[in-house]
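Common to both upcoming complexes is chain A, partnered first by chain B, then by chain C.
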Partner chain A sequence: MKPPKFRYVAPRTLDEAVEHLAADPDAKVLSGGQSLMPLLAMRLAAPSILVDLQHVPGLDGIEDQGSSVLIGAGVTHREIERSDVIAQRLPILSSAVVHIAHPQIRSRGTFGGSTAHADPSGEWPTVLLALGATMHAVGPRGRRTIEADDFFVGPFTSTLDEDEILTHVSVPTTRTAWSFQEAAVKRGDYGLALVAATGIPRDGQLAEARVSVGAAVGSVRRLTDVERLLSRGPVTDALAEEAALTAAASVDPISDIHGNSEYRRKLVASLVRRAVLELKNGA
Partner chain B sequence: MKKLDKHQHMSTPAVAARSVGTRVLRSEDPRLLTGRGEFIADIDLPRQLHVAFVRSPVAHARITNIDLSAIRDADGVALAWSGKDVAAFCEGLVGEMAVEGCVPTTMPLLAGDEVLYVGEPVAVVVAESRYAAEDACELIDWDFEELPAVINMDAAAAGGPVANPQLPDNLGLNGGASFGDVSAAFDQAAQIVEGRFYTCRVSAAPMETRGVIADYEWASKTLRLWSNTQMPHYLKYMLTAYLGFPEQSVEVITPDTGGGFGMKAHVYPEEMLLPLLAREVGRPVKWIEDRRENLIAGAHAHEQYVDIAYALDAEGKITGVRTHALGDGGAYHMPPWSMAVEPWCAVVMTPTGIYDVPAAEYTYKAAATNKTPVGAYRGVGYMAGTFARECLADDAARALGMSPFDFRRHNVVREFPWTNPQGIVYQEGSWRQTIDALEEMVDYPAFLHRQAQLREQGRYIGLGLSCFVESSGESSATSLEHGLGDVYHDTATVRLNPNGTANVTIGLSAQGQGLATTMAQMAADTLGIKVEDVSVQTARSTDHAYGSGTIGSRGAVVAGGAVARAADVVREKVRQVAAHMLEAATDDIELVDGLASVKGVSDASVSIADVATAIYFDLDSWPKDFEPSLEATQAYDPSQAMFSNGGHAILVELEAETGFVRFEKIYSVEDCGTVINPNIVEGQIRGGVLQGIGASVFEELAYDESGQILTTTFLDYGLPTMDVAPPFEIHHLETPSSHSASGVKGMGESGLIAAPAAVLNAVNDALSPFGVVLRDLPLTPEKVLDAMSVATTASGPDEGL
Partner chain C sequence: MSTTPEERLDVSMTINGRRYRSTVEARRTLADFIREDAQLPGTKLGCEHGVCGACTVLLDDLPARSCLTLAVQAEGRQIRTVESLAEGQELNTLQRAFREQHGLQCGFCTAGFLMTATALLEENPTPTRDDIVETVSGSLCRCTGYQTIVSAIEQAAAEGQNVTNGGDQ
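Up next, the complex of A and B:
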């Protein structure tokens, strides 16, 4: 389990990092190495050059900007776990972060790295989709923003171009009703199913609900049927039950050695039920 | 049954317990817990080269062409061999067991014309670094024709495509025996309960993987082999037998080892190859197994079906038991134990468990498949046997409408010595007391009340019971009494130093059991000195004490016996000199608490330290004709089989929304005779039970239809972690062995032997409102949720069930 040969650069500026990426289509960005290093060790990836972002300034920081929090791509999961700003303004992130692996890995792995990796069982893609976050990227063609809805497009696939770097994520703080649910056999395991749900409490109802599912499905996605259901009226136990049934009907879960499709369908239903009931209590 | 002749080394001295029985802190821990251990990966020799293996990516294929020239030309490569190259030195390792119906196999060091399982070594590369070796492995040029992959053991045993041409019937093992009138018991039974139980394929998954370093010095023909093996002396013997290295010039060195659990109690092709490679390249060679290799190519464990039936009379007594085990042995017999370790042990070792059953019949079969060979794993075979017996006991209790405690109490052996249907004598035990103790610990009536209350809230808790009897202190006698002829013995060397401290060397390598601590306790009490004045060296080199391997729950018993015997020889010397110094008779001298005293004379004593000093430096203190060596080496092998016993009760809750099994509490009762050190015994219980929980709920080495292994990292292979480990309540019973040193019995395997049955019984107890009984491990969330979905509505199971 030794990586194949690769070149390694540790640029000191974002521009320099982008140049390296633009110069070589087989270049890969190295952030915390949480996912990339195992892929290299298993020889499942063989990039020609690793562009290490650890010395690139400006990718750190958690900044409260009022209606949103701007999180640097280089912020580690552990920093999010310990951040007062996150705890107060985006408690759903605090709730989700403890499900990411173990403290040692959370101390290495980064928010931006996991987001850009777009692992369907990743906590951040699921949560950011439910929050409607905005991704900030930079590349040889300049800076741009990408909405979460347009960012996660498939398993391990985002709309970030090969030569672009995710620099920040802007996460709205207006969705004050929230729930994050993960079913994992053991602490730190990949989840068998993840559900994130958010909304804006308004007149005893839940407005602009967003519900996303991860892990149980081939790629992280929203459950728009469930969202529509939640906009119909006050959140009740009955509505939670209906949401669970709707969720079960609207997903086509994967099957693997950890659980077949039918099992995961039941799991998604259970997590949606739990999430909606939690929204009810929070709304 | 053949009985062992009693030899001199089978007796042990009587010793007054001082440190034995106390919670002496492990002397190993300050070093190991602060990162000062030296494990095999930490060892680097000057000029060493690194080894990597090309392993088969397919389950079964004929190799039509293999060309290593690109590998040999690669940067930094010193040597590359395929099967042809190595066959000239060694045709392979023979695996067989001297039991009825065992057909031997020869496992090549590198695959010959056929590869028989994914992960089988095909070629070996020696290079300047592990990186260079792994890069070169990718350059292999070979062609193969895929052959049918035999994956299912039932189909394999029934014939059809052949997994290994050396076993044309796909059977590595096929035999059985019957004791007492089993047919009559079943013909006259008021009721028969039966079931087929499955223990899934798992890995022992020691935290430290395997590793080998070989260094051959051509001028002196000296071979030094570092291996984290559990059987260094056996490995040394094999290096001579198979490879011809001169026995007197071979040293096997066992550094600190991070767990073995049986996986490291084999002789592997890698251990045979590295000495040959070192000799060929004239430089030391090192191979550290990575985790993927360990999960794929380290011996697998457990996979078998056990069909079991109890004949019950009108009173609910078991009058006969039939057990039929079918094991999936993988592609070869795993040397030296063979495929017999699972199905043979499952039915032959304690076929009646704790129950007074007069008639027993068993058959055992091992099917060859195109999977990794199955070998030993803590409590090998006993686990599956205990699992089937104890789960069927719960089925029987349910069928009779009895509590699981009452059914067991109704059938348990009460009088000792007890002779089982095979003629094996169980000298003593607290089998009934274990059941009583567990029932009291769990407060069964209170549990039933709580279970009923929670069910009304849609919550499902279950209590599972499992009682075991464990053959321990693996010995020549145990082997002979169970129909084998394996011969064991271990030695220990004890030396008393001039200041009255002692150094002890034992022949067993340690993998984390705390042997240096427990053996210091045994030596200290025998010599009458303080435990902190004893330093124990567990086997680090075959140049010192001899050992038959750290296996079969034999460390405390066998090393303990050898240490006590060797210390007793030294004690006699001390008594002789003390007697001379105190002008008393040797027979009147006792050594306790650092003093040599005349029995019954309160002020007539001399410190043991002074006696030791005198022996080294003061001729005047010597009696006539004295021989001053304060060093003795003695052997020990128990004179008869010995059995520890105990039980576990496990409390679980099934999560209705996810099917997850949550472990709330473990209650354990252990009787390993005299407890040398409760901390260490409790550590063994906790670790073993956790492994049992893993093997029941979280772990399975999964294969697809083509024989591809799907669980090659800890991402997919689910070892239990601390967050799923519940609190333990442990109760000790002490029924000393009639014949071991200080009355100790072995207990290192009991946790894993008995926990899986308790887990399944707990889950089935929790599932009882659903009318579903599970019998196959692992109890995945999917299986549990399926079971809970039977006859359920949104509000829970049908009330009618």
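Up next, the complex of A and C:
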């Protein structure tokens, strides 16, 4: 399998990268390439130009800013996996990262690349939605920020414009109750269902709960009915059970060779139950 | 490199301590560069879309799928392939452990397993069996059933040092 022909450029500045994207609507960003290369090999994508960001400065780094951690788009999954700042300030990321494919992929694939790719079975979209992260983007019209709620809008579709580049993600550290759950056929496979849940422990209860689901559904999304349920009172085993039933009723899972819709509905219910029980221990 | 997008580019990189230079299409994979431009056929291509792990090499000392990396992305970088492991005809500790534990049969996946294990043992010389299983989970083998591969890496770790005697490095 060979990728289709394309032209390649490796700009040295962000401005130059943006210029290349703005000049050709079929130009695409190349970050780690771990999702893009298979798409090219299968000829599911045929970009005119690949704009490689590997030499663009300023896209690296994991910076503890107190109430949030600023993660550069070019940070690899491997760097997240080994980061003390992440382990201490955002342990949900440490928990999720080991589910991302395999070590050979994690050493090349990037946090920003996976986020912008918006794969419905991607761990980062699911986690960032549950954390309420803020995306930082730059384009020919300047810089802007996009909230996670407004960023992931469909399968492989974000609200990033074609000529914009995701540069950083600002991830709040205030959601100290958290859980990440994934069910996959085997380690490293695409998940059959993912659930991320977070909240702020307050007076023995869970405030501002956010629960997201990925993989089982066509597009990563929040389970707002479950979130409302969690805000009603102390998190108990009974509430976890009710949350599982509510989750099952509020998703319309996809069917494919790896699992039909009913099976995935049950998976989502089980994962939500487990997630809420973990939140209970964190609250 | 050029500041205008090009369909063909000059690429140079160091593979197993030796400099290789070629003019390649932008779409050429690192795997094809290694096998065809550098004439190092030890790296095998299985699925060519990042699933099987046969093409794993070390890119700046980290394991990477050479089918999921473009040659142009490796410009100026250090690559190590399976050819770097043996010293002439002398197998290194890891390769010898694979032979002794029957960690291969047809051998098609072996280069990928060896390079993945090399990276593991360089970072963590005393891995647990679980660490090894987790690390090699990204490679497929249709012959062995994996247990002998995991045992081979365990043996190499137990024998310690000299996992990468480096060949011509």
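To be clear about the criterion, the second predicted complex is superposed on the first by the 283 of 283 C-alpha atoms of A that agree within 3 Å, B and C clash if a C-alpha of one lies under 4 Å from a C-alpha of the other, contacts with A are read in each partner's own complex, and residues count from 1 in each chain.
What we mean here is this: a residue touches a chain if its C-beta (ideal position, glycine included) is under 8 Å from a C-beta of that chain, and two chains touch if they have at least 3 such contacts.
Just so we're clear, the structure is a prediction, and the values are computed from it rather than from any experiment.
S.K.: Looking at the combined model built on chain A, do chain B and chain C fit side by side or clash?
M.R.: Partners clash after overlay.
S.K.: Between chain B (first) and chain C (second), which does A:270 come into contact with in this model arrangement: first, second, both, or neither?
M.R.: first
S.K.: Give one of first, second, both or neither to describe whether A:44 is in contact with chain B, with chain C, with both, or with none.
M.R.: Touch status of A:44: no partner.
S.K.: Going by the contact rule set out at the top, does A:5 touch chain B (first), chain C (second), both, or neither?
M.R.: After superposing on A, A:5 lies in contact with both chain B and chain C.
S.K.: Spot which of chain B and chain C makes contact with more residues of chain A, would you?
M.R.: C
S.K.: By the touch definition at the top of the document, which applies to A:20: first (chain B), second (chain C), both, or neither?
M.R.: second
S.K.: Where does A:78 make contact in the superposed view: on chain B (first), on chain C (second), on both, or on neither?
M.R.: A:78 sits against chain C, while chain B stays out of touch.
S.K.: Quick one: is A:188 in contact with chain B, with chain C, with both, or with neither? Answer first, second, both or neither.
M.R.: Touch status of A:188: both partners.
S.K.: Of the partners chain B and chain C, which touch A:241 in the superposed model: first, second, both, neither?
M.R.: In the superposition, A:241 contacts chain B only.
S.K.: What is the shared patch of chain A, the residues that chain B and chain C both contact?
M.R.: 1-5, 38, 42, 186-188
S.K.: List the residues on chain A that touch chain B in their complex, please.
M.R.: Per the stated touch rule, the residues are 1-5, 38, 42-43, 183, 185-190, 192, 241, 257-260, 263, 266-267, 270, 273-274.
S.K.: Report the residues of chain C in contact with chain A in the complex, numbered from low to high.
M.R.: Per the touch definition, chain C meets chain A at residues 1-7, 9, 25-27, 29, 48-50, 53, 56, 59, 62-65, 67-70, 72-73, 75, 116, 119-120, 134-135, 137-139.
S.K.: In the complex formed with chain C, which residues of chain A make contact?
M.R.: Against chain C, chain A makes touches at 1-12, 16, 20, 27, 30, 33-34, 37-38, 40-42, 49-52, 54, 78, 98, 101-105, 107-108, 186-188.
S.K.: Quick one: in the complex, what on chain B touches chain A?
M.R.: For this pair, the touching residues of chain B are 130-131, 134-135, 138, 290-292, 657-660, 698, 700, 702, 710-711, 713, 715-716, 718, 720-721, 723-724, 780-782, 785-786, 789, 794.
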